[in-house]
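Below is a structure I'd like to ask you about.
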Amino acid sequence: MIIVMSPESSQADLDHVVARIRDAGLTEHISRGSERTLVGAIGDERALSAQSFEQMAGVERAIHIVKPYKLVSREARPSGSVIDIRGIKLGGQQIQVIAGPCSVETQEQMHLAAAGVHAAGCRMMRGGAFKPRTSPYAFQGLGVQGLEFFQAAAREYQMPIVTELMDVRMLETFLKHDVDVIQIGARNMQNFDLLKEVGRVNKPVILKRGLSATISEWLMAAEYIAAGGNNNIILCERGIRTFETAYRNVLDVTAIPVLKKETHLPVLIDPSHAGGKAWMVPALARAAIAAGADGLLVEMHPNPCDAWCDADQALTPQELQDLMGSLRLIAQAIGREL
Amino acid sequence: MIIVMSPESSQADLDHVVARIRDAGLTEHISRGSERTLVGAIGDERALSAQSFEQMAGVERAIHIVKPYKLVSREARPSGSVIDIRGIKLGGQQIQVIAGPCSVETQEQMHLAAAGVHAAGCRMMRGGAFKPRTSPYAFQGLGVQGLEFFQAAAREYQMPIVTELMDVRMLETFLKHDVDVIQIGARNMQNFDLLKEVGRVNKPVILKRGLSATISEWLMAAEYIAAGGNNNIILCERGIRTFETAYRNVLDVTAIPVLKKETHLPVLIDPSHAGGKAWMVPALARAAIAAGADGLLVEMHPNPCDAWCDADQALTPQELQDLMGSLRLIAQAIGREL
Amino acid sequence: MIIVMSPESSQADLDHVVARIRDAGLTEHISRGSERTLVGAIGDERALSAQSFEQMAGVERAIHIVKPYKLVSREARPSGSVIDIRGIKLGGQQIQVIAGPCSVETQEQMHLAAAGVHAAGCRMMRGGAFKPRTSPYAFQGLGVQGLEFFQAAAREYQMPIVTELMDVRMLETFLKHDVDVIQIGARNMQNFDLLKEVGRVNKPVILKRGLSATISEWLMAAEYIAAGGNNNIILCERGIRTFETAYRNVLDVTAIPVLKKETHLPVLIDPSHAGGKAWMVPALARAAIAAGADGLLVEMHPNPCDAWCDADQALTPQELQDLMGSLRLIAQAIGREL
Amino acid sequence: MIIVMSPESSQADLDHVVARIRDAGLTEHISRGSERTLVGAIGDERALSAQSFEQMAGVERAIHIVKPYKLVSREARPSGSVIDIRGIKLGGQQIQVIAGPCSVETQEQMHLAAAGVHAAGCRMMRGGAFKPRTSPYAFQGLGVQGLEFFQAAAREYQMPIVTELMDVRMLETFLKHDVDVIQIGARNMQNFDLLKEVGRVNKPVILKRGLSATISEWLMAAEYIAAGGNNNIILCERGIRTFETAYRNVLDVTAIPVLKKETHLPVLIDPSHAGGKAWMVPALARAAIAAGADGLLVEMHPNPCDAWCDADQALTPQELQDLMGSLRLIAQAIGREL
């Protein structure tokens, strides 16, 4: 950490800063410049809080030099992580497209959906049994029965399932129903008690980025899960909130190369929630794969017109199949496979 | 709801839209303009989803006319709500400043803090026993012991306490320890299971605005609590996330007059988290009261230098006392009292 | 336009609204719903201002139904525009990559740059002679001499040149030096006098999106140019400003499919300014082409280490050549050519 | 400047960094930490570009320690600037409210407006003769005739006038018509040629903040004016662009204490453009004064219903008078006068 002293600071101010650095078990390194005096704190700076220095007399600014995340940082595993999901590899050479409806509605709908996902060549399936809805008056999901419908349909095609966990109290139920991948939604990215709980289980976790979470906050949320002992973490960017009102969110493709540099975790993109309209999905999906994403989370519904939620962002089974064809060519263009 | 048909839409498209409106129990009203045909849906439009119309063939856009919130809307209680917290009124003529440390640290710290809060003329106290921290390696709060230290200190001065609930599983404990006001933090504003649970109890709830939550999303989160039967809801703006990096967040004072128009719920401002620095707090606190806020949530620590978290945003007891003096004059200037 | 009357509005309020609609030469269409009365204004609503209605007694909201842009809208030319730049087509089947240094420095630098751009297979060249710099103490560009160095170098390879115009008073000079494509920078996107002037000349114009300009504002800025009679307009997205601090800007790929739907103008992407780092450029460039962009504006410098500005975002000639190879494969994957 | 070397950097990388520091006339100071080596550059770091270091091999990050602005920084004039506008002081003990219509429409309207502004107790008047409009089809201002109407009306009451300059070519005309204060609008905050020109004249300049300009960019824009020799600069915050759609912009009151710390320039607030609705203006105006602003720029129209632009944000003469009364009390509460 670098502590920048203000031009008006006294020797006593400097002495206090030095004392605090030593108290934390680090050593100081003082550098007197032409306009400012700087104090470097040498040792494991994660033990220091920039805030507590900035509040001291004579201190202008305190700057962290080392990133706050450790277990999930690229430095911790330079080769990158490949997550094994019932034999399917995520984060390696092969790109994974995980498709399915926004919400589980009926057993029949899920059978049709599973058939469509499988026919398009996808190897995993998504679907929501517990739904985070902005309005208390909107459909909140089928709950446990939804998990049953989902498993029944996906198991027919040996597809692992991905579904969202919103409430810590349901974790046992998720394990009992053998959910293959637990999704933590954007609104719960900093629900720290939930992160701690999924950090204790032995199931892959997809951690969606909060609507206005910085890369650093997102990786710190992943660090919560890793700190609990669960290293099977997959990141998923789903669009960020900006000033633009012409579309729901802005898909942040810039995050893809940045995450690839900062962390060893695999990166998924959810083009359906980002744009919010089915007609935007193919362009965004292609961009994501071209930029280096390890896979996609895509909404598909056997009959989008009748979907109980997010009707306007689901692809039809045929559209998914067409998209897969086009993504296969892009994957080849960048030396990967789909 | 208004459904705007695209210029290329057919009569069949229009017929489908009309059929869907009738299916939902509403009636249609068709208006053919020079460039577009519009369909109005007459009846309780909260039953309709704009998304499911926008996904239909020939539909360009669907626009909600009525606001999605109902119980918390100003229309539901035009005179405004006054919340009674153990005899102290929040939302009326008198402005309430709720002060205290970021986190409960020791019994002694809490006694000193309570003395300072009371001496400054505040009638309620805040403090965190369970802390939402960006880093898993940061201090996570004293937990239940913190609640005990807090109550012991605040009860000496008959001050009701405000403290944050992060985990649904701790609600029973909060009730057992007779927490007076339950705070839902910014990161949990859309933790819908938590909202549902606090909607079922008979305790005032402070609902902080998410860092990038719109007014509409925030009021819908309050609607979740109200829909459960708990009408003792207090909103708290604590700064929003923007592009600016010179300060932590931007205090959104524009929200104050807008909330006063849109909802009957009282509005607090948290100037400490907004700016992130103690030296900004007086200016922001004055702005908030001048703009019509019903109260403040302010961080004060008996010895900010040694605070275990957010050290640089806490006022000293003396600074709090000075601030109260200046706020009293502002309150008088706008015809209220402190 | 739809005018939503508030529940408390009177018949007199309604009459005033109707009178104002008729005054503007439109006709009204009244629809009484269960909660609100709506008034539709039938005719060319571009003559009406939503603001002037919203200020009238009894009016809750006024909503434009038709988009404010006309000449640049997709409806005006459904097949899309192809701009001819000295025989090179932009907006058609062939993708154009326009490369070159941030700023013109010396004649030798420009010769080396032109050779590198041409060797990589690009057909047009970019370079700045007049530079918009955040600091008054930073290098402001070589000015007219820069235009001369640039033309001398590019003409050797018959490459049209693209360069930025900042000041209306320099337009004559640009024409005299036969600049092929005039670039309007992000900071000048709403410099309306400049837009009007380039609207009067017969030169293609690249209009960069402002850092926080909405799609609608951007298209309205293009409409200024088109309204002057110049239809050779090319849009260029260069990253938008968000809350994220890990990279300079967020490349808004979602804008690509949206612009393709809303306007007939060709769309370029500038991956260099978006990310701000050379190592991000290949991923962003691939994403842009995969999402349907008509071309790129890329920074390349013969020796990035010694560049006088934006040193860390320029590719080397070799990196540009490698990038072109990879973009060629992506272009083929989506049925286009490079 | 601090240059942070990456853990993998070599001695040769370090040598190159040191050489570049020495080339710029500064000296290095090397500090080897447990995880990273840091290089401090001692001397006037404004001569160094962080970008050019970040592009060098082995460099992870380069951090400026000193702020980039100099002439406008608080350090340059710790006591603060008071601008004299034909005998009226802005930036001192007395708060100035500058009121008037959005645009100059007719001579009669301006006479009525001037009478209203003066009757309310304001000492300066605003009004637009050249209007920056999002749409090319909207009213663009009366131009030179507008200046004449404005001066004729304001001179009756000896009120200095404030009006916006959009085009460098009109500066002579502004001087000829003796405009007292030149306003640079938000959209032109980084129109550097315009800034340079107003830096050369001897007239006070109000520099509005761009919709998404950071404090640092804004102060650098002011530095452009100061670098030209004109120190009579007044800053004006007018709302920033965020994700919120319930109101036009968010008034950034946090900027007020921050500017007071960072710069010696006076600070105005424009509550009319920030919220975009007349009914929000009183709350925002009060907040601004309470937070320490030196004055306001407020829209008032003799007959808002008939205003040619921004009709819904103008106060009536009576509303302005009422507001002034309430602001007077707030000014007293914080020890100032109105």
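Note that the chains are named A, B, C and D in the order they appear, and that numbering of residues resets to 1 at the start of each chain.
Keep this in mind: a contact is a pair of C-beta atoms (placed from the backbone, for glycine too) under 8 Å apart; a residue touches a chain by one contact, two chains touch by 3 or more.
Note that the structure is a prediction, hence the values are computed from the model and not measured.
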| item | value |
| --- | --- |
| Interface sides of subunit A and subunit C: same vs different residues, half threshold | same |
| Most distant chain from subunit A, judged by the mean position of its C-alpha atoms | D |
| Subunit A and subunit D: spacing of chain centres that average the CA atoms, whole Å | 39 |
| Centroid distance [mean C-alpha coordinates] between subunit C and subunit A, Å | 31 |
| Approximate Å spacing (C-alpha centroids) for the pair subunit A, subunit B | 26 |
| Residue numbers of subunit C (touch at least two other chains) | 212, 241-243, 245 |
| In the complex with subunit A, residue positions of subunit B that touch it | 46, 49, 51-52, 54-56, 68, 132-137, 166-169, 187-188, 190-193, 196, 211-212, 217, 220, 223-224, 227, 241, 277-278, 304-305, 307, 309-313 |
| Residue ranges of subunit A touching subunit D (in the complex, touch as defined) | 2, 4, 7, 29, 31-36, 38, 40, 42-45, 61, 63, 65-66, 75, 212, 241-243, 245 |
| Of subunit C, residues touching subunit A in the complex | 212, 214-216, 239-240, 242-247, 249-254, 256-258, 261-262, 274-275, 279-280, 283-284, 286-292, 326, 329-330, 332-334 |
